[in-house]
Amino acid sequence: MAELDVTVTVNGQRRRLRVEPRKTLADALREDLALTGTHLGCEHGVCGACTVLVEGQAVRSCLLFAVQVDGADVTTVEGLTPADGSLSPVQQAFRDCHGLQCGFCTPGFIVSATAFLAGHPRPSETEIREGMAGNLCRCTGYQGIVRAVRQAAAAQAGGAHDAAR
Amino acid sequence: MTQLDSRGAARWVGQSVRRREDVRLVTGRGRYVDDVTMPGLLHAHFVRSPVARGALTRVDATAARQQPGVVAVLTAEDVNPSAHSFWVTMMGPDAARAPMRVLADRDVRYVGEPIALVVAESRYLAEDAAELVDLDVDPRPAIVTIEQALSNGERVHPELDTNLSGEIPAVADHELDRLFAEAARVVTATLGQHRYLCVPMEPRGLIAAWDPWQQRMEIVASTQTVHETRAQWSRLLAVPEESIRVVMGDVGGSFGQKMFPGREDHAVVIAAKLLGRAVKWIEDRAENLIAAGHAREESMEVSLAVEADGRITAARAHHLENVGAYPIFGDGMSAPTAASMFPGPYHLRRLAFSAQGTYTNTSGHCAYRGPWMMETTAREQMIDIVAGELGVDPLELRRRNVIQQDELPFTTATGLVYTAVSPAETLEQAAGLIGYEAFRKEQEEARARGRYLGVGLSLYIEPQFGFGVLGTEAATIRVEPSGRVNVLMSTGSHGQSLETTVVQVVADELGVSIDDIRFFQGDSAATPYGPGTGGSRSAAIASAAAMQASQQVREKVLLIGAHLMEAAPDDVEMACGAVSVKGDPAAGVPLAQVAAVAYLNTDALPPGVPPGLETTARWKAPMFMFSNACHAATVEVDRVTGQVTLLRYVVSEDCGNMINPMVVEGQIAGGVAQGIGGVFYEHFVYDGDGNPLTTTFLDYQLPTAAEVPDFEYGHVVTPAPTPGGFKGMGEGGAIASPAALINAVRDALRPLGVKITAQPLTPDAIVQAIERAAG
Amino acid sequence: MKSAPFEYVAPATVDEAVRLLAEHGDEAKVLAGGQSLVPVLALRLARPGVLVDVNRVDGLAGVRRDNGRVRVGALTRHAAVERDPDLAAAVPLLARAAPLIGHFQIRNRGTIGGSLAHADPAAEWPAVALALDAELEVRSSGGQRTIAAADFVVSTFMTALEPDDLLVAAWFPVWGAGAGFAVEELARRSGDFAIAGAICGVQVAGPAVTRAAISLLGMGSTPLRARAAERRLTGARPDDLDLEEVGQLAVADCDPPDDVHASGSYRRRVGAALVSRALARAMREAQGEVQDG
């Protein structure tokens, strides 16, 4: 089919694309918008390396077509990175806790963990492990990843506590 | 938190320094091969065999070539004549290997074998065109299992008169026979292992760009080694090595699968040359599961001669390996290394080891984290089986057989000499950490209530090899005129954190901050020759080279600095990035000033000291180094469903001095998770016709965070006899864990008389084992 | 792993959607959550000529209470079902099955209608619909009709939907007081399709079980009602019941498939255990004990 025009807000910026309907959101982000932080690990919705936020919800961008997000708000790992060069609490926690080695799965985990913690401010151990079960990692054995999510949750809780005072 | 030494200078080695790699990787600014693009880049996709074995009578690309956006469809007749050589440096040109070809020609020998390469303006268009390539394949019965390969008169490779890729024949050994005859008991078992895979999160891929005017090939590859790939492609294309440049950026894991290029990589490189274009190939996950290198499908029949007190004096082992149709290198056999490591950390006096590798119509063997690990998988299970027969606790049986410190140096039954290992110490530490004695009580109480808990141990020695291609590592250290330090390494780190650990070593040696050092690797035009990263050796051996180079640079810095300060060289030291008089750290000459003199104001140099602050040190590795560890696992098995819950997992590790304990533990963790995956979840399955059944992540199942408990670590430190005292350890997690896990399940189900001799231990397999034992 | 080319349309109303389905017939496929369909497209196991994206159809999502029943719009996401407290109170099985579906990223997009129409034998929603005798509301250019859950799933990945049908809602009954529900699944990993699963509802009034519903997933090419087991339960006193035996009865006629993950005999063995465990929990809830989720 002929290409369709798509207008989508990505990381706070309005972008215009012209894509075939079958082009996945993952491919459009990587190729048309040069946002290569979102990775392809399986292209069938299991590994989570392609996770992005659409309207604030964590989704697999390999299972969405770019044409479907016309008018929507998309956030990638690049958009979760503070503009001043610092790291977000989740990114910092992954670094502090050795939650990555080769780094290929990491953007997907950063996005998933950020979304997960937004919905689970005080997660239990089980909730953390199940919450992260939608992303595959082959290097870390998940040890540093679970520690990172624990640390980021604690940082979040601490922050909220301070704000409440 | 940084440790400071007595002068207030930071000491980096030994600290769990946060990684330099992380900032770009957590922000999505890593640069993996698929992130790289260039003008005019074309995209490749393979047409692959749908059948495991058969005559390929027609490949018609006419319709495919006519598709818009398709630049070429290349078949065997286009590509294969350009392939002049396939051997890998490590094995040499005369090593036995399968009759190699790039694209399938006249027949096909495994499902997924590449037949044609479509090159188009996008991957989407290439896949569309690939579907239009017409194939006529006349299927023949496939040879899929080791048993079939051994018994079938048909040949996987008609050019050969055998289905054996290699063999270590059994040899008569009268001393061994005597030990067996005199033994109080002989215990025999055949232990099987299934096919499971590396599965890096980033599949294979590369960009090859041939510039016909300059006659130069530029390659960006997802690889473990830029120099070996350059060497192989130079031989493949019969072009001088220096006309090829291979660069690795960030690589998304490998575990051995990307140690050597595969046939697809060769096809893409040739396509780039034929077309005079830049061609990118990125493997998708289905291809990675089906057609990238496979591993682990082996069995070992072991007989142990056991004395009445449980001492194991002699062993016979016969090792069978399914190496697929086209092993990635050589004969695909791990047996030689498995043989030499089989005695492990025990007093075994005599070993007879024989082996056969069999070709089959399946995807070919590649290295996978500790390729020889069957020796530990089999040996450690045998220890538990012998313990069961003797009525001795498996921990106690290991205590009776393990090598003690006062026996070092110890020469094994296979001629290896251990000088700096600590198996007994790790055994005790692991047993202590897991609370072995208390667990036995807990186990007994649970059994009384109808619950099945078990503990399993796995004790092993891990080798690092330093001969041939692996014999040296190099480091170039350049202090720039600005005083910044650049380190160029022969390594190919792809998750091993060398960008951090090597920098830690250099920082300590040079007396500068890690923030002042930049690390480079993986550019065949710029970084020194080396084997890349694999085989558990990079940090240990490359850091020795980095230390030597740093020491050379430091000596010169001190000479120049002393001269500038008009002090004696023996009176100055280097710390916190400056040369200062000992005891007077405040007044010093910063490294930048020394560098400026060395490069720009050379008249100010001391007499006889040449200009510049750069050096390359190439360190010769010892032929063997050994690290060791003990793994302990506790599980609960649900007798009704066969499900296994992992309770605790403990590793006591001795890898000598640790540059970065956090990195060491991370390497252990990744390997153990792969063992958990292999034993319980991952199984690459072929049907009887050689058709793969587990071709996506829906069916080939990796463990997630929910399936892996928190791991616990203990460390024993027996420094290596090398600069720094570091030892390699990256593969150990995957080598030792399967036996610990299987032993734990065996231990849990012992009261039911269950025998376990095969993997994977799926719930169904466990239920079947329980039912068989019930009779 | 890229999809074959297709035309794409995104209707704004149900009328428009069914008109497009009528126009394109066999060539059209409905795109809802995409969590099952898009992998199929990426693997080129299917290549529809037209994808009818119903994600922008007005009124296709949402939950509504209607006269003793609950209407769940087909486009309602699993995540929305998981998070809806009123729905959890009215039809507890929906809230208890939802968290078992995949992972939260899947649940953010996947829809109840998509799952029903996809008819994976190991999926939760078709088995819940069967257990509760749900009714599926279907629209086409020919009008509206209702399909009973028992008639809905025909075989693996096949339903009674015609190519030009659009599933628009599922109607679930609200059981009254004295009801208890449970879902028990055995999956290899958190979030996997179950190897076997049991969906149970029981109602107890006075001394006896007045109502029982048991459906099985992963035990055949469709979800299955265990009617013999239900009959054993109905009218019996809870204390008189041997739930292990009822579990065995529930799977007695099943012939579950063999595949790479499990054998048929394993599925039957586990299925029986899952039924008894689910019944035990449902009974406890029906008799007034607090459900532990």
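Note that the chains are named A, B and C in the order they appear, and that numbering of residues resets to 1 at the start of each chain.
The rule we apply is simple: contacts are C-beta pairs under 8 Å (C-beta built on N, C-alpha and C of every residue); 3 or more make two chains touch, one makes a residue touch a chain.
Keep in mind that what you see is a predicted model, and the values were worked out from it rather than measured.
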**OP:** Look at all chain centres (mean of CA atoms) and spot the one farthest from the centre of subunit B.
**Re:** C
**OP:** Find the most central chain, measuring centrality by the gap between its CA centroid and the centroid of all protein CA atoms shown.
**Re:** B
Original post:
Counting C-beta pairs in contact, does A-B beat A-C or the other way around?
Top reply: A-B
Original post:
With chain centres defined as C-alpha means, what is the inter-centre distance between subunit B and subunit C in Å?
Top reply: 44
Original post:
Using the average of all C-alpha atoms in each chain as its centre, how far is it in Å between subunit A and subunit C?
Top reply: 29
**OP:** Please list all residues of subunit A that touch 2 or more other chains.
**Re:** 20, 22, 43-44, 129-130, 133-134
**OP:** Pull out every residue in subunit C that's touching 2 or more other chains.
**Re:** 1-2, 4-5, 39, 43, 189-191
Original post:
So which bits of subunit B are touching at least two other chains?
Top reply: 124, 284-285, 696, 698, 704, 706-707
Original post:
In their shared complex, at which residues does subunit A touch subunit C?
Top reply: 1, 4, 20-22, 24, 27, 43-45, 48, 51, 57-60, 62-65, 67-68, 112, 115-116, 119, 129-131, 133-134
Original post:
Which residues of subunit C touch subunit A in the complex?
Top reply: 1-8, 10, 31, 34-35, 38-39, 41-43, 51, 53, 55, 79, 102-106, 108-109, 189-191
Original post:
Can you name the residues of subunit B that touch subunit A in the complex?
Top reply: 16, 18-19, 21-32, 34-35, 37, 124, 199-203, 250-253, 255, 282, 284-285, 494-497, 662-663, 665-666, 668-674, 696-698, 702, 704-708, 710-711, 733
**OP:** Going by the contact rule at the top, pick out the subunit A residues touching subunit B in the complex.
**Re:** 20, 22-23, 30-31, 35-44, 46-47, 49, 76-78, 81, 87, 91, 94-96, 98, 100-107, 110, 128-130, 132-146
Subject >> Complex interface listing, subunit B residues touching subunit C >> reply: 123-124, 127-128, 131, 284-286, 640-643, 681, 683, 685, 693-694, 696, 698-699, 701, 703-704, 706-707, 762-764, 767-768
